[in-house]
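One chain, chain A, appears in both complexes that follow, with chain B as partner in the first and chain C in the second.
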Partner chain A sequence: MASASRFAGALAAVALVEVLLGEVLPAAANVVELFVLLVVLISLRGNSLHGLTGGLAAGLVQDTLTASLFGLNSLACCVVGYGVARASQRILTNRRMVAGLLIAVGVMVHQVLVIGLLTVLDIADVDPDVLVVLSRALLTSAVGLAYLWLARRLREWALRRRTLAARRLRSK
Partner chain B sequence: MLLPRPDPWLQVRRLRAVSWQLAGAALALSTVGLVVISSASAELTANYVSRQSLWIALGVVVMLVAALVDYNVLLRYAIWIYAVAVVALAAVTFFGHEAGGARSWIGIGGLGGQPSDFCKIATVLLLARRLADSQAPVPPRGGLWMTAAICALPVLLIARQPDMGGALMFVPALAAMAVVTGVSLRSALVALGAAVALVAALWVFALPDYQKTRVLSYLQPQADPLGSGYQVRQSRIAVGSGQALGKGYGEGTQSNLRFLPTPHTDFVFAVLAEEYGFAGVTLVMALFLLYLGNGVRIALSARDPAGLLLVVGLLAFLTGYVLYNTAMVVGLLPITGIPLPFLSYGGSFMLFCCAATGLMIGLDLRRFVNV
Partner chain C sequence: MSERRVAILFGGVVVFLLALLTAQEPQRAGDLALWVEGPVKQFVATVAETVDRVRQGRVARAEMERENVELRERVRELEAAYAASVGVRLESDLVSKQLRYEPPADADLLLADVVYVDHYSFRRTAILRLPAGARRDDWARKPVTTAEGLLGRVVSAGGGYARVLLVTDRDSSVGAMVERTRRQGIVRGTREDPGVLSLMFLPLQVDVRPGDLVVTAGIDGVFPRGIPVGTITSVESDGDLFHAIRVVPSVDLGSLTHAYIWRHDPVPEVYMDGGDGVSQ
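On to the complex of A and B.
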């Protein structure tokens, strides 16, 4: 329940940021794929069922908030979540570079799937721009790495505080 | 670099224990629906087949997730799932998009899904948990009235949209679950009396004129054949003209010449009957019977009362949709916006049907204590 509620909170926060960015800076909202980043981060720590479920939930929220076809991002996020979760069971993902690489690959796979589905299903004419896809992947990866760095620092800081408090208690 | 980690996903091997008839029937019905939609929407501008294919693919994923998540976990957090669903439904009822005359669509950017479909599963989950707990030595507070209130809240919100058909579908689910729980005759009579009083009050105070006209045209379809009785008249012509083997793919004049309203959604059964005749209708009905029969088998083999009630509620919902839609198309019941499960065009309704199927498969997976 704790991990599910943490995920729900993170999903709500991402949705809020996306809506606010869409209102204030529409260009910035398109540059960083926050929903895909959330799916990758969840899948890095969980199993493939977590990846699939997280991808489905995040994708459905993304579909609701964006003007895209209902179900398009959901399907793409499910594939990304499942793939990252399976990969994270095979390789060590606590190294930051590996996590960054998985985020970048996840964003690229998501973009390719969305463009591919739109084209194959003949829903919309899309003119894919490789540079845009690559820049999205790199920027999302950078944001993800910054988040991981910050989260690690915060965890270390909290651990130091707890240790100091315990020492003080023992010395008394 | 290799890091072997235990993965619940590997429990997919349990799927060998599942009867695939339920999932197979659902997928076969979806495929038939896709064929009928492609014919019914040939003259329409939007690409309905592509969208429906996408939703079927997503539905398979939803089915898989619903089957692999333990239903006991969902029952444990049913109150929270219900709360989220009701809040989403309330938000949509007052701030949602309007389409087809009902304010039932969520979506800030474009047309998203309908939370009322999600709310159906949430309500069944909470009712299953509550009714199962009512058999315990210390039953939950509130008794039958609280159970009725749990059902009434989404019904009132959906009726407010207004989507009377969607609201109506809660009745068979609640009735079936109450019967399985063993509701007393006195309580049943009180509920029946309350339902009659509610319907009378709705008719006098709440029902819009167009819905009253639909009911009146159902009683006298020939009174206004070009107005309120138009839909049912065209639908009956379509069903009757199909005869034994139908007119063939894409040859249905009622749908392609646009005599039938919304041929790809609520009247998809009429298109099926027109193009594939009695044979096509028999095949689809056989698939529905296979699906429902397997559902009943899963309900009977459920290892706890909550699981039994969950399957009964979901099956009652789906059976209600099938019976009402087919009866509506042939003029036996008033016309209202009720789609046919797995066949009608629609994203969130397809996801609802697939999630219900997945939950039943998940229950089937866990019918043995040691699994």
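On to the complex of A and C.
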């Protein structure tokens, strides 16, 4: 329940950031796939059901915020979340490089699915650019790695503070 | 929840989302459905068409075989009917020819069936079957003709039949003449060719040409004058005095069916010298 509420909070934060970036800096909003990053992160820490439901929820929110077909990002995020969750059960994801690689792969899979569905459904005349996809994957992966580093630092800092507070109480 | 159930749930969610997407683009969804469905339907249609073609081919083949048997039977029936009709037509032609024959005004003829013909052996004869009412009459030495011309003369009769010595026999002698010049001679059969006559005793100075018609001269005491005997085919010199004349008979001995026996009475033998070869 706590993890669900944390996920809901993170999802709301990502949606808020996306909206703000779309209003203030639209180019930056298209460069980093924050929803995919959130899905990959939640899938790395949870099981396949978490990946599936998390991907579905994030995709639905993203579909709500974008003007594309409703369900397009949901499907892509769902596949990414389930896939990353199944992969994380088979490989060690504690290392940062592995996590970064999974984030990059997840972004690329997401992009390929979206472009493929748009092409198959003949909704938009999409001209897939491999460099753009790779740059999005790399940037999102970099943001994800930065988040993981920052979160680790924050956890370590919080742990140190709790340790110091406990020593002070024992010395008094 | 087990991984298997999660996988099923994942599949269901994906299908649901795909349906949601295609529902928003029905035209494209229809195209996609056709893209997936088309080859399957085409395959099914091809298989069905092939099976139907094979089935129809078998049915058609069985039908053709049955029809072929019927047609063969029909052809056999028609061939038999045609053969019968040809026979009837030939018989009709022959009878018609005899019926159209106009004999001389003073002639009294008896129509008889030809039942036997031997025109290749040593004795060239034919046998006639006499009508029931004429079997007691004396037919010896009576002339026998057909619609085409002279056939021969009766040499013996009895038991309802009459034997005819054909004009082509080597012992047969007929007083004849060239119709165009009225020059007379004697027609006999030849040894070497049973289908050819020889007109003898026409001097070299007599005008005789191939194509001239030879008729009976009426000087032999047996045959009336003017009956066609044959047509001259070649004229050659025979020694110093006479032509060697070859004559093709008017009568086709290979298609005899009926003949006429003349009731004409020949000159009695007592008035003739005999032994001259003509009145045998």
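Methods note: the second predicted complex is superposed on the first by the 172 of 172 C-alpha atoms of A that agree within 3 Å, B and C clash if a C-alpha of one lies under 4 Å from a C-alpha of the other, contacts with A are read in each partner's own complex, and residues count from 1 in each chain.
One rule holds for everything that comes next: contacts are C-beta pairs under 8 Å (C-beta built on N, C-alpha and C of every residue); 3 or more make two chains touch, one makes a residue touch a chain.
All values reported here derive from a predicted model rather than from experimental measurement.
Asks: After superposition on the shared chain, which partner residues are touched by A:A67: those of chain B (first), chain C (second), both, or neither?
Replies: After superposing on A, A:A67 lies in contact with chain B but is clear of chain C.
Asks: For A:D122, decide between first (touching chain B), second (touching chain C), both and neither.
Replies: Touch status of A:D122: both partners.
Asks: For A:L134 in the superposed arrangement: first (chain B), second (chain C), both or neither?
Replies: Neither partner.
Asks: Mind working out whether A:L75 is in touch with chain B, chain C, both or neither, as first, second, both or neither?
Replies: A:L75 contacts both chain B and chain C.
Asks: Return first, second, both or neither, reflecting whether A:I91 touches chain B, chain C, both chains, or no partner chain.
Replies: first
Asks: Applying the document's definition of touch, where does A:V105 land relative to chain B and chain C: first, second, both, or neither?
Replies: neither
Asks: Is A:V19 contacted by the first partner chain B, the second partner chain C, both or neither?
Replies: first
Asks: Scan A:L148 for contacts with chain B and chain C and give back first, second, both or neither.
Replies: neither
Asks: Chain A residues in contact: does chain B have more, or chain C?
Replies: Per-residue touch count on chain A favours B.
Asks: Would you mind listing the overlap between the chain B footprint and the chain C footprint on chain A?
Replies: After superposing on chain A, chain A residues 47-49, 52, 56, 69-72, 74-75, 78, 117, 121-123 contact both chain B and chain C.
Asks: Over in the complex, which chain A residues touch chain B? Could you list them?
Replies: Residues of chain A touching chain B: 1, 4, 19, 47-49, 52-53, 56, 60, 63-72, 74-75, 78, 89-92, 117, 121-123.
Asks: Residues of chain C touching chain A in their complex?
Replies: Within the complex, chain C touches chain A at residues 1, 3, 6-7, 9-10, 13-14, 17-18, 20-22, 24-25, 28-29, 31-32.
Asks: Would you tell me which residues of chain A are touching chain C in their complex?
Replies: Listed in rising order, the residues of chain A that touch chain C are 47-49, 52, 56, 69-72, 74-75, 78-79, 82, 117, 120-123.
Asks: For chain B, which residues count as touching chain A in their complex?
Replies: Touching chain A from chain B are residues 1-5, 7-9, 47, 50-51, 53-55, 57-58, 61-62, 64-65, 68-69, 77, 106-113, 347-348, 351.
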